[in-house]
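A, B, C and D label the chains in the order they appear, each numbered from 1.
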């Protein structure tokens, strides 16, 4: 048994064990321990993460219908697997305490929840380990259906959105299968190497087709425009810790598959050579613009949300755009930025989803118009969310800044000002909307019904704190993550980023986060010194609403939290409304009309008409012969 | 190897004697049918184990071909003969008022299905085909509702129309060659049937035998019959009988009509079947018609697969056919208590959790989700379609892909409604134990197929390579060369 | 080829044509059933004509005398079989028609189909299919786009 | 529109058939199997009527299936038509002339039927034709006296046993090591009544089977008719 076999076996065992333990409170703790054990096994493969070993193969191989199936881990897989298992560990921990009690009391089955989670982890590990196109597809399908399972666990509404997901996902999977078959007819096998060798000989038309099919299939999972409609609602309806897990890593599986196919196998240079009608617009440009459009569109849609979970889910879609964009730049800086963003985003997205879940747990709502002022009630949660949104907005000293810095730097070096501009617009939208999130939840006026609210239970606080610490520490010492990113780059054949603990040593203008953060902290320290040493103002109770010579009662809403950014909304509203829904709706009604016509053939219309068509066409054929 | 005829003769003689036996002892009559099918299945299995890579021909009446009628058994034929026996056994009609007649008919179905698979004579195939048709009219009408009579009579008209066309095709073949023996036809085809008349004969027979195989223009009977027939009968028709009809068409294609035009006709009709079937199923609002339309689509995939020239096509088509042979009867068994409006199924998982899980398993395999066998079958079809490097075949692959995407949507719309907690409406009653047990058996077979995919694929490939081997057929039957 | 043969072949194809036309174009069940019978007759005739020779004797040895040119006995046997099959199916079809007429009071196939659709829909607990009923997915899509 | 499409359809169909018809070549292919049978049947089967040799010898299997189709149609028909209610109104009996005529016809028809069956291997005719005459022999009295009922027990017993005996004879050959349905009992002298081995026995079974089948079907139809 190789270490990979052990990891996969333990992961499968986790599913079985959780199933056997059943719908009990202890299930979550057991699952958490098992994820920790998986993490230990993964760490035993950490040579992959530091580039000391190229790949570790599984001893399990099959040969079905003449197609070999094998699995192996390389630096990229290890990097993603680390995020997967980490997210699962913390999400499971989060779900094990009071949240689990509440969930079970409300009629949910903890067995189903944890089985679904464990199945997700297992299927993702299988996908990450895939060593040829066929096992990639199998892993892909497993991941799709596993996440369907966890999405469908919630209410009937959740099932409906999950249904929508499965429709998109399976249509996407069929596109992937089609692409696979097209590759097969041209390369003669499903092996990665044969595909890579066959790429130069492929005509640009068929390569276009293959790339588009792959992007359509894998893009569904990443919620790339225009396949993004399913994701936000489906994630938002998923049970809290499940959403944290899905938000952290599930969509990134699409990125993983795209990286394998487009970067590792087809090669970004070949993509840049693939010209569309215009000689200056290549497949790479198309994908980059899709990424940027996804970023902008999703971020500004997030801005419009008034449900905290949906807001976060939309951001998850948007941030995927950065990652794809970074990978497509394909130099050392950009791809490192894109890949590092996967890690960074997983950490703060998870912490944000957890914070929101904690708020729901205590207040019962995630409606941003019905919250506010919770900072004094749930201070630790507030700190966690603050760190999370700083990371999401990409500001120092959190890790989000590092990846975005790398990306912007690469865009500038690459000479793509328009893409750069698009990314900056996306970042602006992010900053606006995360401010809305934290303001409406924790700042502002406390609602009277929330006066009694307490801090989240420790089972929730601990994972949140751990994640916040990671967000901060990897911002302080980005080199910790860049080590793994570098070996992931090496694994897919991208140029490797030269880095040190603090960031990028000065080549074309470097970055040293140790300095940046230290200076920042020192500045904060001085500010705090001034603040605390100066004269203190009178401390006022949060519900003491004396203002401007007026006495306001605590019931009065003097600070409105809805209708944020009205001017901006007015400006962008017309561009958004229903834009992509029309596409989906049009498609559905086309299918509906056709379906009706076909049923008509089977039940209503007189057969002579069809026979007439058949006879006439047969006759023409006979005569033509 | 003379026992081959027993696969037909034993159920037949039992069917004739069943009313007489019933007069002596009702108990004996009840158990005789399943017992005999058990015996024929055992005979079939023992023949299978003796057969190996060889094939046998039995000259009925002791007359040398082409004078007499020949039964030909290679592994393909034996497999389907066996599937008929076992399928009839599994889907044995439930006890009702008309149990005696239904048992008689079921026995005849087993006999005629096996005969259809084994027969090596064109006219004999026609007779067997008509026999299967008449039996299925009786079985469909067994529910004795007005709707079922109307559906049966409509089915009867389409089917007789098809059979008459097939007979016309046979007449054209006999006119051109003067023989009916498939092996001899195979010898004569390149010189005698490679013309417009041969093509016309093939198309006539394709349409004729295609009625039972749910071929596109002559499958209008499918939704209404499956909506009105007893669900077990629907399972037999969709699962087993359709494959038998397909088997004949494949035999004809491989042995006699291997003109590219014949393949093209089949390909186009298959594509139309997938498109119409899957689209119509998308909008179906009751369970039975949903799976009926979906089976039209699935059969369309088989036609597409079999239209791939050479052994690859036989292999791909056979894989899809065998997969469907397992899945569809199980689906119809589940329809036993779930028939009717799809809206009624909300919360069905509460009363029948196993049934819900089985449905999901079957649906996953049907749309081709790895690692279930349906995926490998679909992969095989797609790979071979694209390998043809021909636009029409590529369109076929796209059509299959689109059909699967649609199918995923409508099947999982139903599956997810099983888990809805609906307060205002009571979920359907639990399945009958026997239905559920049989469906579970088939589901377990599916899972076993997923686990044992490697030996299974090799075995099916062996069967297909034998079935695609014209020379072996001709040499085994060895018709006398006549002036 | 003498004219008799052409006439016979023409007759066979004519019967087939009339049969198909009858099946496709008539709406009355009994007419359709007899059209099927006509079609079968045409097919049988064609089969019989397949190896037809003018002036061939019946393939029977009477009193030990073997005719010079005997007709092909095979199509005759086949047609015998086909006719009997046709009779069996005809009887079954007519009994079904009898029951259908009793149940619905009509033999017009359009009417019968409508009644049958109604029966199936009633039994299934759904409305008669018509364009105004969209399945759940469409409704979902509409709600979503409206929301 | 309907009329126009019908007309177009017929025109197209006619043209299609004509196109195929034009492409056919008549009489160019020798009936190879037929000729072979014509020259070998006397020796191999021993029936003077070669059509019978084909029906029961060379293609006896088809005939067995054909019987089965009739049996199945009768069974299915019975299921479709259902049981007759005992209180149902029935047509009045026919007048004296018809009744007497029917009584007179009955023995004649039985004899003619049996004759045709038993000479099937020598002259035109045989089990099917004779069986139909036998069935009419039993049906004519019913027409004359709609009240009388045919004994379903007897009919179904005869049809069951007759069919089974056909298969049984075929199986006997198998137990003897030959193929299923191989003719037994030698061939006898060509043209004699007792010749062609087991063929007359088979034809008797066929005749009885066809007769009972048709009689049963007709009786069911007539009884069912009386329900209204």
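Operating definition for what follows: a contact is a pair of C-beta atoms (placed from the backbone, for glycine too) under 8 Å apart; a residue touches a chain by one contact, two chains touch by 3 or more.
Because the structure is a prediction, the values reported are computed rather than measured.
Engineer: Farthest chain from chain D, going by the mean of C-alpha atoms per chain?
Structural biologist: So the farthest one, by centre of C-alpha atoms, is A.
Engineer: Going by C-alpha centres, which chain is most central here?
Structural biologist: Smallest centre-to-centre distance to the global C-alpha mean: chain B.
Engineer: When the contacting C-beta pairs are counted for B-D and for A-B, which pair yields the higher total?
Structural biologist: Output for the comparison: B-D.
Engineer: Quick one: chain B and chain D, Cα centre-to-centre, how many Å?
Structural biologist: Once rounded, the distance between the two centres reads 30 Å.
Engineer: Can you check how far apart chain A and chain C are, centre to centre, with Cα atoms defining each centre and the answer in Å?
Structural biologist: Taking the average C-alpha coordinate of chain A and of chain C, the gap between them is 61 Å.
Engineer: For chain A versus chain B, what separation do you get between their C-alpha means, in angstrom?
Structural biologist: 45
Engineer: Taking each chain's centre as the mean of its CA atoms, how far is chain B from chain C in angstrom?
Structural biologist: 22
Engineer: By residue number and range, which residues of chain B touch two or more other chains?
Structural biologist: 123, 127, 130, 134, 137-138, 141, 149, 152, 172, 175, 178, 180, 196, 224, 282-283, 409, 413
Engineer: Which chain A residues sit where two or more other chains touch them?
Structural biologist: 160, 163, 167, 592, 596, 599, 603, 607-608, 611, 618, 622
Engineer: Return the residues of chain D touching two or more other chains; collapse runs of consecutive numbers into ranges.
Structural biologist: Within chain D, residues 6, 9, 13, 19-20, 26, 29, 31, 33-35, 37, 58-59, 62, 66, 69, 72-73, 76, 80 contact more than one other chain.
Engineer: Which bits of chain D are touching chain C when the two form their complex?
Structural biologist: The contact residues of chain D facing chain C are 6, 9-10, 13-14, 17-18, 21, 26-27, 29, 31, 33-35, 37-38, 41-42, 48-51, 53-55, 58-59, 62-63, 66, 69-70, 72-74, 76-77, 80-81, 122-124, 128, 190-191, 210, 217, 220-221, 224-225, 228.
Engineer: Would you tell me which residues of chain C are touching chain D in their complex?
Structural biologist: Against chain D, the touching part of chain C is residues 1, 5, 9, 13, 16-17, 20-21, 24-25, 50-53, 58-64, 70-78, 80-81, 84-85, 87-89, 91-92, 94-96, 98-99, 102.
Engineer: Which residues of chain B touch chain A in the complex?
Structural biologist: Residue positions touching the partner: 196, 203, 217, 219-220, 222-224, 275-277, 279-280, 282-284, 293, 364, 367-371, 375-376, 378-380, 382-383, 385-387, 389, 397-398, 401-402, 404-406, 408-409, 412-413, 416, 419-421, 453-454, 457, 461.
Engineer: Touching chain B in the complex: which residues of chain D?
Structural biologist: My answer: residues 19-20, 23-26, 29-37, 40, 44, 57-62, 64-66, 68-69, 71-73, 75-76, 78-80, 82, 153, 156-157, 159-161, 163-164, 167-168, 170-171, 173-174, 177-183.
Engineer: Provide the residue numbers of chain A that touch chain B in the complex, in ascending order.
Structural biologist: 62-65, 134, 137-138, 141-142, 145, 152, 156, 159-160, 162-163, 166-167, 170-171, 174-175, 177-178, 181-182, 184-185, 591-592, 594-599, 601-603, 607, 610-611, 614, 618, 622, 625
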